[in-house]
Structures are given as structure tokens and as C-alpha cells.
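Given below, in the form of C-alpha cells, are the structures.
Below, chain A partners chain B and then partners chain C, in two separate complexes.
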Partner chain A sequence: MAPTYNIAMVSDFFFPQPGGVESHIYQLSSKLMDRGHKVIIITHAYDGRTGVRYLTNGLKVYHVPFLVIYRSTTFPTVFSFFPMFRNIVLRERIDIVHGHASLSNLCHEAILHARTMGLRTVFTDHSLFGFADAASILTNKLLKFSLSDVDHVICVSHTCKENTVLRASLDPLMVSVIPNAVVAENFKPPDASELSSNSFGQNPPPARPLGPHDTITIVVISRLFYNKGTDLLTAAIPRILENHPNTRFIIAGSGPKAIDLEQMIEQNVLQDRVEMLGSIRHEEVRDVMVRGHIYLHPSLTEAFGTVIVEAASCGLYVVCTQVGGIPEVLPSHMTVFAKPEEDDLVAATGKAIAALRANKVRTELFHEQVKSMYSWTNVALRTERVYNGISGAISEAEFYGYDASNPATWSATRGRSGVQSFALIDRLKRYYGCGIWAGKLFCLCVIVDYLIFLLLELWFPRDKIDICPDWPRKPRNERRESGVR
Partner chain B sequence: MAPPSGLHHSALPSGSLNTSSTAVNGTRDHPILARSATAPTTLKPHRPDPSHLAPEDAFVSASPPRRPALFDGGNGSGNETRPRRIRRKEASRSRSRRRKRFQKLLWVKQSYPDNYTDQATFLENLQRNPRVQPYDFWPLVADSTVIMQHVCSVIIFVVCFVGIFQERVSPVSVVGWGSFATFVGWLLWDWWVGQETQEAGAVDGNIRAGPRDFRQPRRQDSEVALPGFNPSTTSVSSTSNMASAASSSTNLVHENYRSQRSIPNGYDTANGGNLLMPGHAPSRSVSSVHSATSQTSLPKADGYGYGDGAYWDGPPSRWGRAKLRLGTIKSAILIYFTLLGLSPILKSLTRSTSSDSIWAMSFWLLAINIFFFDYSGSGGVRKFPVASLSTNAALMASTVLASRLPSTGQVFSLTLFSIEVFGLFPVFRQYARHRSWRYHVGLTVLLVLGAGGGVGMILGDKDEQRGLPWKNGLIGMVVGCLISAVAMGGCSWWLIGLQKYKNEIYGPWDPARPIIISRRHWDDE
Partner chain C sequence: MLTTPPHLYIRRPSPTTAEFTVTTRPPLTLPLRLALTSLTVLRLLVAIITLFTLYIRFHALLLPPSSSFPSDLSPQQHHLYLWSLTTHHLERARLSPAGQFISTQITTNLPEWTHLALAMAVLYLSLTIPLHTTESLLVLRGLGIQTSTTTGNLLGGICWPWGMGGKEAKPATTRFIPTEKIRDVLINEAFRGFEVRYYLIVVVEGEEEVVVVFPRLLPRRKIVEAVWRGVRGCLHEAPMEGGGWYNGRDGHKN
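What follows is the complex of A and B.
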């Protein structure tokens, strides 16, 4: 019987704000609770949402009052979160602190304080960063600071792992790749009643052959920003429509580049072939997707690209640019890859249209395939292995996969991957290596943090803090475990 | 400021990679950890080192020579397919083996733990310094002359102020010589413009025949970058703290160039001289075709915006140029009298402020002028705020400095002189550089000598001046030349020396740069 843990997910980004990180945290938390763990979520207070909230499944959310500066990121104060964080952690008897998203200041602070308090920490990175511009350099330095003493890092794709390893100078073995998943039930292809055909409940579902003159609908759902490749889209749409009669576009999403798209539509008089829906809610995404046959994703950078998995789950053939982690996400029979070039995107879309017209692509099978590839249960299981590894339930040798009998093979990383020691001096050693000046500054921060911790122990003694009664935990379903590694 | 000596052996800055020193050593010490070590035979459940990566390997595998053929310098993301496809085929072949090969894919159920790091594929697409262009020494020195020129002209201005303030130099002689130089410069400039319009007029016919074909060369031209003018007109005239005299004086310069900046502006300027300026057809006809982009991509031939004269007549007319000269003289006279009228007001502007604050303030303003000056010489609309900030700072510095002076004549002289130095002279310098490299070098030498000599004379003892007035000046010139040579050479050498710390990292995580052929909406960001 594997142990169960009390886990605190910490991130600036959570509901009611919509987004990928938010739903990742929610889905992962609820699946972990299904597996018998206790999970709470700590985020900052949103408008009209303060204090403690309970979500479905008894998921408890702490909305901590904090100054929000930019796009719901809190102001980095390094220490000010500590008293409240300590209180929550002690109340909830937390063992593992799991931070999300590298732009979230709350998460970095929580990791620092958690290590000071002697807790295990995990960090999940959801995004890619470059190394060139000033903003990235600053973010990378801060990431290095908080990840100097983290126990394990989870990345959503292999590209993301490479990126994070370089940015934070981590040992690659303490970085796991656990992808996002989709709730396949929410992204079903149009069923029989929606298609108004008489085939009913067949397994596998019947193919939907396309006639040579049927209209093929290409769906684009993305925020219309520069890095989502809207410029490519704007350039490619008129050419695609010109090359292929009987095609039309549905574009959902809003953003600063929407005006370019509208201008393109008017210049080329494509009002009847390009439909712009504006921004849509996440619940409506599926309903828009099932109206199309091809999903076009022209993004310029993407860590994982959940939306293309959702599209494939809806039974759409996916045309996407080959950037970031996208090539790892879907098998080649579901996708046509394009370089981030106008010509190549047009050609790839043409290829996809031709393949659909020839009825070569079994899109009706996609849903089941995607369902077997990505599920949150699997993600939770794999995350649980990380928890087991860092808390010692799995032996270090097994978790990190080195030969314990031959320490010479692993001397270089022992300092990093064997992050077992909470001794202040060991932690300082790890921070000191961060850079000539930064190392000393980071050490100073850690020492101050430790002093604050001692002060808090005196000021608010542990035994004076109430222990919060737990919800009855779900019994652990061992049967489910056997199927997956 | 010297680089930390501990990093000499490493090409990596300590900032980006924690274990960089071990990494570089690791390259030499552990050749075993190369890619070939991933043979499937070693894949046992708890295998010893070779199938797992040590952290060094992040950097070892990062070294560019490993797969040079794949890096075409452009975007790395396009290159990913090939190795991956090959691997996939290999994977299908080795299915008989006990364990499948690791694949960098997320949808496959892999028989490896999540934190497994595959030596063969980890960081395979990383590129380091793919687009680095090494600097050469002499071109760098040559480029630094532009900065030297500007610093020297600022020094000359300060020297003149000190001279006037200490009553060593008569303000009338300063402004007299300054105006004389400006007049000579204007004549020269006028002559150059005349020459160039004739040349351009000769080309004119060809361009008229095919304005469409002109489009491509224009783009190239604008990339090669040639001095247009920093269009600081509007903001100069909008500065609240400047006397209106100063702004109208810059208009004297700018009215000639304004037409270049934007088509609508060029058309509705009420200034007669503007419309009648000598010019050639192409700039107008072309820019009216591509009015959206023309502001930034005007060809160098009409970099000074005398192009809109073609509004009435294609080839330059003698009548137009005479009219232009007349207009210039008219504005000059206007500025002269406005300044004369404003001088008494300027004199008492900062009477309630102590001198110390004025010195500090003018120091910072001149520093702003030097740091924000548009040295590139390709004055486009984009540089607009920065360039005008520089000019405004300088004119404000001169205003506050002038307000320290006791008499109206001195104030008038210094303000007029500052307008000549900061408003008109940069234009002339840019144009001289554009005209001929020889003029540029000559001007630089002249400025360095002038600045050095001036500083020498100012620093020399006041009483001694009666005896050997030029001795200090000569010493100053020699020292000035030495300092400038050391500064230009030393800084260039230093910059080249710093290049070895350059460590740009590119990989699939970087946002791809989209290639769009019909660049209608695409602005190079």
C-alpha cells in the first residue's frame, strides 16, 4: 500500500480565471483526490472570490489576499507570503508543496518557504522561454533561484524539459516529463443525433465519407496574438481559399491581431467564406470544433498545445506548425506538420484537404485513440510516482535510476538529485552556485527566510495553530493502478 | 568592469549554466558519454551510467559541432523532423528487443520512467551562437568616430560656455565664428544638394518608367541604412520648457526635411519653401504607391527629403532652389530677432535657483543628449522619440546654462550658438558622412583638435594666458588626440575581447520567426 500525501498546489493562476494552467491544476487535483490523497489549492484572491472555497469533490481553495500587478501575477515580495503560508501548511498538515507555472510569483515564494519549513517541493513548468530578451533573463534568474532547492520538476513536454533544464541549470534526472491531458468526455466528436444520420451506437463509429464537392470547414481557435501565429494565418487564408473551392474557415478567439484578419477578409471579399466568432467560452470550444473537418494551428511557440489534442479528440484532422513541443503531442496519422512559413502552411493545408477528400484519414477513430493516449488519471498516477520518489517511498536508486553500488558514476549529480537534506548549510551551498553575485544574494534571501521562520515559530507556535479536520478520503482503488505503469 | 578571471576557460557565462565549468571539463574528460553509447544493449532496468545522462551531458550534447549539417542558421524548428523520423523507423525495426527505444514523443506509452533522459536525443536541437557575426577592429573604430564627433561637439559647447562665463572670450566672437561656420556649412550643403539633385535627375527617367520595379531596390537601400534625418521637428517645437526661438530655429533645419517624413505632412505644410524644394520625382511617386511603408524605407538618394519639390515639376528647377534659399534666409532672420527678443527673459529664468543645481542639471541633460543621440544616422520614424529627447535635452541644457550669464548679449550668443551646435551641426555631420568618408574623417580630426585645445585653454591659468595663449591649447590638443585614440581603440578592442563570452542559446523553444511572403500586414519585429 503506497502512502498517501497531503498536497498543496500553489499557483497564481486558478479559477475563476480561465486557462490551461488553471484547468491543469484542477484536473490533476481532483484525480489525485480520487486516488486517496488530500489536495488543497493556494492561489491569490480574485475579484469577488476571497477566503476559503470548496470546489467539486471537496477540493479546498485558499484565496490569499495579495497585490496583483500584471495579468493576475502577484507582486514579488519574497517574504511577505510566509506567515500566511506557514499557517495554511500547518493547518492542513501538508507534506508536499506543488507549485505551477514559472510566471507565478506565489508558487516560487511557496517553494522557498516550504523548503525552509522542511517540506518536499515539486514544480510544474507549463511554458517555454527564450534566453535572449531582458524579460526572459530576469525570469530565468528568478526561476533558477526558486528551483535551486526544489526536489523535483515536472514539465509538460520534452522540449519544455530541455528548456527548463537549461534555464534553471537543473540535473535532467530530476525533471520528469508528464504531459497535459484532456477530458475526453468533453471533446466527443458529433454523435449520431447531431449528424442526423441513422447509424446508431456502432463500434467503431462509422466513417463519414466526404463527397468531392462537400464543403470542408477549417477551424481555428486561438487567441489572436503575434506568438499564436495570426500573421501566418492572415497571409495563408486567402491563398488556401483561392486554391481550394468548397472550403471555409471558422475563426474563434479575439486579440490585437483580429483587426488584421478582418482587414484581410474585407480586402479579399471573403465574408461568406470566413466566419469570425470572436472570443468564446471554454465550454463552447467543442461545439465550434465539431463544426469543422480540419483544425489549423499556426502557433509560433507552444509548450504542449492542449488545443490540438482537444481538436483531435473531436475528430478533426490537425494541421499545425512544427514548433516547441507540438511535434511530440500527436501521432503522424492525425496531423500534417508545416514549417512556420506561409508557403508551407498553405501546402500542408492543401495536403490535409486532399487527404480528407480522398477519404484517407479515419478521423472518426481519433476520439478513442486520443482517449487512450491522454487521460488525467494517468497524469495523476505519474505525478504520484514523483511524490513517491521525492518522499522516499521509492528508493532513490530506483527513482533516479543510477547504480547505488557504484557512486563514481553519479558523483556529479548527487548534490542535486539527492536533495534530501534540509540542513541550512546544504541549502545555502545549492543557492550559492547560482552565479557570482546572484548566488550571494540568493543566500542572503534564504538566510533571512530562515530567520523569519524561527521568528514565526516563536511568535505563532505550532501548537497554537488549529488543525483542520479532513474530508473523509476516498478509498484507494488499487485495481486501477494495475493497468498503468 | 573587467571580466571575471575564473571564466577564462569557459565559453559559458556563469549566469546561464550552473555547472558550466564542470561541463566544459567534462567534454575533455568523458568522451565515453557520446551519442553512440545509447546502443540498446545497455538498456537494463537499473543500468549503470551510460544510458542515463549526467548533467554534463546537457552541455556536451549542446556543442554545435555534433550535428553541423542540420543547422542552417535560420530556424531550428524546421530541422526537427528528419532525425525524429529516422528514429521512429529504427524503433519499429528493433521491436523484437526487450525494450523499445526511447522516443521523444508524448503520446507513446514508453517503457521508461518519466524522468528518463535519453542521451541521443536530449538537447539535440540546441544551437549556440548561430548568428554571431564577429567584429573587426578597424570598422569598429571607424564606426566609433560618430560618437567621438558628437562628444567633441558637446565639449566644444561647454568650453565656449565656460569661456563666456569666465569672460575670457567675447560672446560676440563665439557667436560670430559659429554663425560664420554655419553659413559656410549651409553653402556647402546647398552645393552638395544641388549636385545630388542633378545626379538624381539623370536617374529620374528610368525610375519613372517603372515605379513598380523600384520597389525591391528601395527595400535593400533602406536596410543598408543611410542617414535620413532624425525627425525631431514636432517634438522640438512642442517642448514646453524651450523658448520658442529655439524651436523655430530647429524648424529652420527641419522644414527642409519634413516633407520626407510622411506624405500627408509633406503635402499640407503651409511652408512655401517646402513645396518648391528642388527634388526629383521618384520619391513622391513611389511613396504615394506605398504610402504606408514609405516613411521608413525612403531610398538614400532622397534621404534629405528634398524630393517633394517634384510636386509641380520633375527635374529640379533653378527657380525652386532660389526660393528655398530665400525661405531659409527669411527663417534665419526671424529666429535671430525672436532670440534677441527672448534673451532678457531667459536671462532671469533661473535667478532663484542656485548655480550648483544648474551645473548638475546641465550635466545630466548633456549626458542624456550624448546617450540618446541617434548615432545610427538612419533617422526613421521609429527613432523618433529617442532622437528628439536628445535634442531637447541639449537645448534645455543650453537654456539653463545661458540663464546663468549676466548680460543679455551673452545669453543671446550662447543660445544661438547652442542652436547651431545641437540643431544644425548634427545634420551637417550626418550629411558630410553620407557624402564622403574623407570629409567625415577630416571633420572628426578637426573636432577632436578643437575640443582638446579648448579644454586645454580653459584649464590653463587665466593670468598665464597673456604670455603663452597657445601653449595650453597645444598641450590640450595633444592630450585630446591621445585620449580619443585610446578611447576609440581601447573600447573597440574591449568589445571584441568581450565577444568570447557571448553565449546565445537557440532551440525549439524559441518562438519561430514566421516567413511570410506577402508581407502586407507583417512588420518586422
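What follows is the complex of A and C.
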């Protein structure tokens, strides 16, 4: 019987704000709770959403009042979160602090403080970053700071892992890859009643043959930003529509590049073949997707690309650029890859249209395949294994592999699993290696943090903090644990 | 020694009435009574001495220089007599060796305005620092509930026009909420300063703000829970079965 943990998910990004990180945290937390763990979420206060809240499944959310500066990240005051964080951690009896998203300042602070308090920490990276420009260098330095002393890191794809390992100079062995998942039930292909009535209860579902003159609809759902490849899309749409007469586009999403798209539509007089829906809610995504046959994803950088999994789950053939973690996401029979350039994107879309017209692609089977590949239960299981590994519930050799447990390959960054030392001097050693100046600065921060910790122990003694009663935990279901690598 | 952490007393004079009192005052034993009395005397003494130093400093503004003790006064001039008596004694105290000593010490060491400000501060503190805070919740089945807050300072009865540090500390700190106005009584959590606290609230019909019970002391979870159970048991006919902690909204029976 593996132990259960009290886990605090910390991120600046959570509901009511919509987004990928937010739903990842929610889904992962719910599935971990189903497995008998206790999970709370710590985020900052949103408009009209402050204080302590419960979601319907008993998930407790602390909306800590903080100043928000940019795209819902909080102001980076390294120490100001500590008293509140300590109080929450003690009253909820947290063992593991799990931070999300590298742009979230709250998460980095929480990891630092948690290590000071002697807790296990995990960090999940959801995005890719460059190395060249000033902003990236700064972000990478900060990432290096908070990841110098973390027990384990989770990335959503292998590309993301490579990126994170390089950015934060991590030991690759302490980075796991656990992909995102989708709730396949929410992304079902149009069922029989929505298409025709004669195909009741067939397994596998019948094919949907396309006639040579049927209109093929290409769906694009993305925020219209530069990094999502909207410029590429703007350039490619007129050429695709010119080459293939019976096609049309549906574009959903909004952003600063929407004006370019509209301009393109006006210039080429494509109003009847390109439909712009503006921004849509996450619940409506499926309804838009099932109107199409092909999903086009022109993004320039992407750590994982949950949306293409959702599209494939809806039974769409996916055309996407071969960047970031995208090639890892779907098997090759569901996708056509293009280089992130105009000509190749046009050619790839043409290939996809031709394949669909020739009825070579069994898109109706995609849903079941995606469902068997991606599930949040599986994500939770694999995350739980990480928790077991860092808290020493499973042996070092089992967690890191047998080579890694060889003392000759011992690494200071990783420490020995399960016993990554909380001693201040060991932590300082890890921080000191961050750079000539940065290392000393980081050490200073850690020392100050430790002093604050001691002060807080005097100022707000532990026995003066009320312990929260737990939400009734679900019993652990051990049977489902088999069949996971 | 003189105060304790907030603790709870429950009084049930009848099955339909219950009073929950949370106080920082320890049980009144004889040594505690003596200590409290001497502390009160000490505080009064400090206040009087401060006033006296003020008198020494500014007596010239109060009295004409040639005042002396009148020997014969009619009863109509009785108030005048009292005034003269007071000033006479004050003058005598001022001219006594102790008075002279204070006078020289103060006038040489303290500028006038500093003296005035200091004296005011000392007066304010010695007379108004609350020693104990007592908050109570009275539940009467069929009638309603009443919350009250008392702070035990020397001038507790006086209405301070500016309040005493906070909305809830106005002199009229008793509030009655009739049963038909009570929508629910429940325990909530909120951020306060650098911590998250539990507190008992009453949701009142037709009001935006909820009423916080024990707003000054904000006792700890154990007390709050005990009071919550007691209130529900007393306010609604049957005591709650099982008394689940979070089903605050389920047992709504009125």
C-alpha cells in the first residue's frame, strides 16, 4: 500500500481564468484526489474570487490576496509570500509542494519556501522558452534559481524536457516527462444522431466517405498571437483556398493578429469562404471542431499542444507545424507535418485534403485511439510515482533507474533520492553553482529566507495554528494501478 | 498572568437558552482580584501624577497669581468654595519639596509641547488600554441571538466619539438578530494579516455583510466549533445528528 500525500498545487494561474495550465492543475488535482490524496490549490486572488473556496468535488482553493502585475502573474517580492504560505502549509499539513508554470512567480516562491521548511517539491514546466533575448535570459536565471533546489521536475513533452534541462542546468535524471491529457468524453466526434440515423451501435463506427465535390472545412482554433503562427496562417489561407476550390475555413480565437486576418479576407474577397468566430469558451471548442474535417495548427512554438489532441479526439485530421513538442503528441497516421514556413504549410494542407478526398484516412477511429492514449487518470498515476520517488516510498534504483543508483554517478543536484538534504549548507552548495554573481546573490536570498523562517517560528508558533479538518478522502483503488509503466 | 488565551464558558440557564462567552479573563481568584485592583490603582495613580505634572507646568494659565484660600463663604458660593479648595491643595502640593523637584526636573528637561504630547499619550494609555476582552453570544430559541463585546478598560462606560480602533469596537457593541432574520450560522475561513483564521458568522437576511461572532478575539477552531454546535443545537429544536463539520447549509430547519 503506497502512502497518500497532502499535496499543495501552487500556481498563479487557476480558474476563473481559462487556459491550459489552469485546466491541467484542476484535472490532475481531481484525479489525485480520486486516488486518495489530499490536494489543495494555492493561487492569487482574482476579481471577485478571494479567500478560501471549495470547488464542488471538495478541492480547496486558497486565493491569496496579492498584487497582480502582468498577465495575471504576481509581483516578484521574494519573501512576502512566506508568512502566509507557511500558515497554509502548516494548517493543511502539506508534505509535497507542486508548483506549475515557469512564468508564475508564486510557484517559484513557494518552492523556495517549501524547501526552507523542509518539504518535498515538484515543479511542472508547461512552456518552452528561448535562450537569446533579454527577457528569456532573465526568466531562465530565475528558473535556475528556483530549480537549483527542487526534488523533481515534470515536463509535458520530451522537447520541453530538453529545453528545461538546458535552461535550468538540471540533471536530466531528475526530470520526468508526463504529457498532458484530454478529457476524451468532452471531445467526442459528431455521433450518429448528429450525422445520419442509420448507423446505430456499430463498432467500429462507420466511415464518413467524402465525395469529390463535398466541401472540406478546415478549422483553426488558437489565440491569434505571433507565437501561435497567425502570420503564417494569414499568408497560407489565400493560397490554400486558391488551390482547392471546395474548401473553407473556420477560425476561432482572438488576439492582436486578428486584424491582419481580417485584412487578408477583405483583400482577397474571401468573406464567404473564411468564417471568423472571435473568441470562444472552452466548452464550445468541441462544437466548433466537429464542424470541420481538418484541423490546422500553424504554431511557431509549442510545448505540448493539447488542442491538437482535442482535435484528433473529435475525429479531425491534423495538419501542424513540426515544432517543439508537437511531433511527440500524435501518431503519424493522424497528422501531416509541415515545416513552419508558408510553402510547406500550403503543401501539407494540400496533401491532407487529397488524402481525405481519397478516403485514405480513417478519422472516425481517432477518438477511441486518443482515448486510449491520453487520460488524466494515467497522468495522475505517473505523477504519483514521482511523489513516491521523491519521498522515498520507492527505491532510488527503481525511480531513477539502476545505473543512476551507482554511487560513481552520484550527482549533487539530484542528491540521493528520498534523502535530498534539507540542511542549509547543502542547499547553499546547490545554489552557489548558479553563476559567479548570481550564485552569491541566490545564497544570500536563501539565507535571508532561512532567517525569516526562524523568525516566523518565534512570531507565529506552530501550536498557535489551527489544523484544518480534511475533506473526506476517497478510498484508494489499488486495482487500477497495474498496467502502468 | 493577568490574561489568558481566549477560552469559552457555556451557560445554559434553561433548555431553550444558551450563552457562550469567550473571554481573555482568567477565573477571578483572590490573588487575581488583588492584582487587578492594585493594577487599577496603579493606573489611576499614573494618570493623576501625569495630570499633576501638567498642572505644575501650566498652573499660571489656570489661576490668577494672587489667589488665596477664602475663609468665609456663603452656601451660594459653595461651588466657588470647592474650586478654591482644590486649587489651594494643588498649590500646596506644587510648593511642597516633591512638587518643586518635579517642577525643576521637567521644566529643565522637557520642552512645553513635548511635555503636553507625552502627558496626553500617557493619560490615554493608562486610562484606555483594555485589559480583558469578553465577547458573548446569547441564543434564545424562538427569539434570536444576541452578540456582544465588552472591553475591560477603566473608562469602559464612556462613549468615545472616535471609537476605539475599529468598527466593531464602538461603544454599542450589542447586536440582536431575530430568528426570522437568521438565514444560517456557519464557520468560515478567511485571510487575516498573515494567517488564515476560522470564524463563526451569522448570515442575516437582507444584509450584504455577514455578522462575525467574536470579532475581536477570533477564538481558535476548537472554540468556534463548540459554539457552532451549541448554537445549532439550541436554535433549532433537535440537536444535529452526527454534526458533520462542513454541512453548514444542510441543517437549515427554521
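Heads up, the rule we're going with is that the second predicted complex is superposed on the first by the 467 of 485 C-alpha atoms of A that agree within 3 Å, B and C clash if a C-alpha of one lies under 4 Å from a C-alpha of the other, contacts with A are read in each partner's own complex, and residues count from 1 in each chain.
In this text, a contact is a pair of C-beta atoms (placed from the backbone, for glycine too) under 8 Å apart; a residue touches a chain by one contact, two chains touch by 3 or more.
Fair warning: this is a prediction, and the values are worked out from it, not measured in the lab.
Under the clash rule set out above, the superposition-derived model of chain A with chain B and chain C shows the two partners fitting side by side. In the superposition on chain A, A:Val329 makes contact with chain B only, not with chain C.
Contacts of A:Phe123 after superposition: neither chain B nor chain C is touched.
In the superposed pair of complexes, A:Val52 makes contact with chain C only, with no contact to chain B.
Taking Cα centres throughout, chain A sits at the apex of an angle toward chain B and chain C that amounts to 100 degrees, reported as a multiple of 10.
When the shared chain is aligned, chain B comes close enough to touch A:Gly229, but chain C does not. When the shared chain is aligned, no partner comes close enough to touch A:Phe145: not chain B, not chain C.
Among chain B and chain C, the chain that touches a larger number of residues in chain A is B.
Within the superposed three-chain model, A:Ser157 lies in touch with chain B and out of touch with chain C [touch as defined at top].
By the document's definition of touching, of the two partners only chain C reaches A:Arg91; chain B does not. In the superposition on chain A, A:Ile465 makes contact with chain C only, not with chain B. Taking the two complexes aligned on chain A, the least Cα distance separating chain B from chain C is 36 Å. For chain C in complex with chain A, the touching residues are 188-191, 194-198, 220-222, 245-246. Contact residues on chain A toward chain C in their complex (touch as defined above): 50-52, 62, 64-65, 83-84, 87-88, 91, 460, 465-467, 469, 471. Within the complex formed with chain A, the chain B residues making contact are 4, 14-19, 22, 26, 46-49, 52-58, 75, 77-78, 80-81, 84, 104-107, 109, 111, 113-117, 121-123, 125-126, 504-518, 520-522, 525.
Those residues of chain A whose C-beta lies close enough to touch chain B in the complex are 128-132, 137, 140-141, 144, 152, 154, 157-160, 162-163, 165-166, 169-179, 226-227, 229, 231-232, 234-235, 260, 263-264, 300-301, 303-304, 321-325, 327-331, 337, 339-343, 373-374, 382, 385-386, 397-403, 406, 409-410, 412-413, 416, 433-436, 438, 485.
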